[in-house]
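Labels for the chains are A, B, C and D, by order of writing; each one numbers its residues from 1.
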């Protein structure tokens, strides 16, 4: 298929590369040109604007950092796009489909569905689970929602980047809820581990051993192992997901929950701890670093470090 | 070895049976005599009092529901024991060891260590992880702390009931902290799942599918699978661990944390939700039923049920 | 002075009337025309659009329910205004001033400051404290921020509606922060009273007596007396401030706090309880009705009522 | 009347002095003898033990720091009392009354009621509201519960120390609930002010001005004025009520609430912040110092100080 792909961050570049390898005709766009140039060297066409990336596409995929970036490239409010006053939405022909794979708000997902419908285009929300190394290995998990026929037609694209795919329904935004709820579960695990580690540390128990015990006897989960080790080692840099972006995800979950009149007090708790981390200059470390706030609240370790004091 | 065993609840009876099967000389005591009689039929000696269970033991094991029960049998404040005014502590000879496997408070564990030391006896805290079916299969996990030589000497006993064992240090109470922190991690998972399920349900996503997605893509954990299914099915009876007992464990974690000057706001949150469950007559359902409070807070389902409305 | 006034709700109409009584030339606009007609009968000019209300004004005052309403009338995205494509911003001449008295977000207040500056107009944020009866008695409190000379020039206007006025600085949005922080303090009092009342009720103490004790011995505050009586009487209708609007204020406080990297866990807690109230159809009762959630969480009273069950 | 009085702390000494001034025959006991000697110089009899203070009393009053101290003097587990193996309970004659004015747990209050009833003595719980200066001025508020005839008989004693008195019922422990719920309301005010101050400080608003605004326009409460000024000035020493004792009161409220199956999430929140203060060596500052934790969580001011860094 002829595919436009916008957003070549750590995740997007890996995904685009795997789509190209699967034999699709790929045209990519990225605000920072150098990221696109790496793919060009591998034979991928590079577009000069979101509009340009969309204009010949049967399928347009976006994989961007946040709502603002997606609005920018789709509606043309993006700085680069402004030069021509047009966004990808205006480039797409009728009958094509936009697959939004970014972690965005439920509100924006609804707005995109309306805008594409008005333009005679289809819209699928298909956020993914997995970190950059998983994306590189084409082992992501895709959660898709939207018109069933379009999802079916795009199945080869999803398969080229993932080890599995779930279809959750006809309303695209429900896939975004699933993604946000999933990320909330991870953040909850981080909060729980952070509090438990603070308790056992203050009781003189070695945290690596506690992690081994709780994961052997209870969870048997690679995710607990991975994140638990990061916290036990206090190895928050380089960040897998930056704490400030993790806060964004928790905020989006809270907004979705507010729209659904659903209290999520644990999400509120996590948000407050992440805000405290950010107030202490820790927005760039891994979001597992929420455990640093919890340790510090218990009087453990140094006072919350400034970014400088964490430098190597 | 000559072993006394006090406390034949769902967990204790299975553990005692496995110890007997491993070839040890077992004398059991249980307040409710009928539970002990089942073991007697298998060739185990049954004692008439905690004192009697301890008097010939090289090793005394207690596996009871809470602090009060342990204090009762050890210090002789137990009703049955009062008839003779003596507890197991007074029956044990010098040089023997008491292995406390119950989930008890850090404060009581410290008090037991002092009392046994004063009596020339050793004391090991060795709480276990695992539900009754795991105990029956001799597949528990043991977390032991106390004098290393005594732990080593008792290793065959531990091996007869478990698939693995961790030794966390010389201070017995630290094993109790590990047990309480581990249970807190489980309770945190329940809280997180309960909130996430409320959000996705109100968004029209099927919770079993959400569970499958999050466990496939993220946790890959049998514990998430087991508890997630209980919550998705709203299958809170019969209870594995009763909510009122789960609240006890969370309270003990909070007490241990307060003694260590460690805030655990997530534990506080869980406690408050469990209290709300109990205020609505739900203390006897499984502790995963905390999710019922979270669903109801989001306006889902019927009003919090009274015990009658849950009857079959 | 020649004053335009937009927004004739319970608060706005009383304020506009007092401004007219002080001798100013008033032109009012309200989306629902009948509210304006009441003032017309008293000799006030009624404008047909926000633009029309602004075009001859030296001072434009807005007193509206939320951000959306203010954006509508000022930027012309309001439905009525759209007919002519213009908002009050376009009607105001250079050198005039817009006084925004609504409880709006810090973000919108910043945006208004920029937009008015770009148009050569001044902008003052001057939210007020007080309920409708206080507004009617011209006994409000005004918290103003913005250019000092304009605030000084408008002092007679402020005096016509208030018993006192505070000037908090040159940045208009800081007055909005003060308003939101003040409302947060009230909401915190409601939460605290609700929890305390639940405890004493379950202990068999009469809540009116508890209120009398705590206000006599501790707070000596008319606000505690007023709100405490509402809660003790469970007299949540008619609403002074509707719970759904109270939630809006708490959300705006949380947004301002997030922008300032300030955790406000008590605000989060209140938000979650208000969401639970709304999930049970209680958005239209007084925001003191958050206490109903707290009572119900303790198993007190009937299950959270649906709107119908509260009907008279 | 012939009155025994045990506990001459800052509160107790002032209360005892006012009782003596009202013409009653007073016998005092205090663990630290020098405090008692000050009263002896004023003509008061000083007892050598709690037993001795009780033996001739018609009314015994206790005003002590916590449960442990009350248990010590009443049941004779106090170190000094142990020398003779007797407590005040054993000294009191049948028909006399013990008035417990300390802030103690509901559980202990129930136990005292039982013990005195078994000894043929009456028991009144009559905790007081007011700080030491208020006690010195005989302007306390008394909240009494217990047998009505004994309360009536003791009215002159209560009047000698207070400006007003409330009788809440026949069950003594309900007066303790009222006291704990009242202290919870104060702590909630501290939490709310701390969070609001953090927000306005980070927004560049002067906190003293914010306090003046919110108390003028909203609360009009001397208590807000007093505590708000302490927080605005960061004047946490000398402590009126030490934070560690404030934590005790919040814990007792939570225990009472748990016994009544009442969630109090705001109390839990306060507890966690107080624990964080204590983890940073701030247990001896005024409990209003909880605001220091909230400021620090927002990145304000220095890192949480160690006790040394606060030294003069």
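General observations
What we mean here is this: contacts are C-beta pairs under 8 Å (C-beta built on N, C-alpha and C of every residue); 3 or more make two chains touch, one makes a residue touch a chain.
This structure is a prediction, so every number in the text was calculated from the model and none was measured.
The chain with its Cα centre farthest from the Cα centre of subunit A is D.
Counting every residue number used by either copy at the subunit B-subunit C contact, over half are found in both chains. Centre-to-centre, using mean CA coordinates, subunit A is 37 Å away from subunit C. Centroids of subunit A and subunit D (each the mean of its C-alpha atoms) stand 52 Å apart. Taken residue by residue, subunit D touches two or more other chains at 257, 261-265, 269, 276, 279, 297-299, whereas all remaining positions touch fewer. By the touch criterion given at the top, residues 251, 257-258, 261-265, 268-269, 271-273, 275-276, 278-279 of subunit B touch subunit D in their complex. Those residues of subunit C that touch subunit B in the complex are listed here as 265, 275-276, 279-281, 297-299, 303-304.
Put simply, subunit C touches subunit D in their complex at residues 106, 129-130, 141, 143, 164, 166, 168-169, 171, 173-174, 177-178, 180-182, 184-186, 188-189, 191-193, 195-196, 198-200, 202-206, 209-210, 212-214, 216-224, 253, 256-257, 260-267, 269, 294, 297-299.
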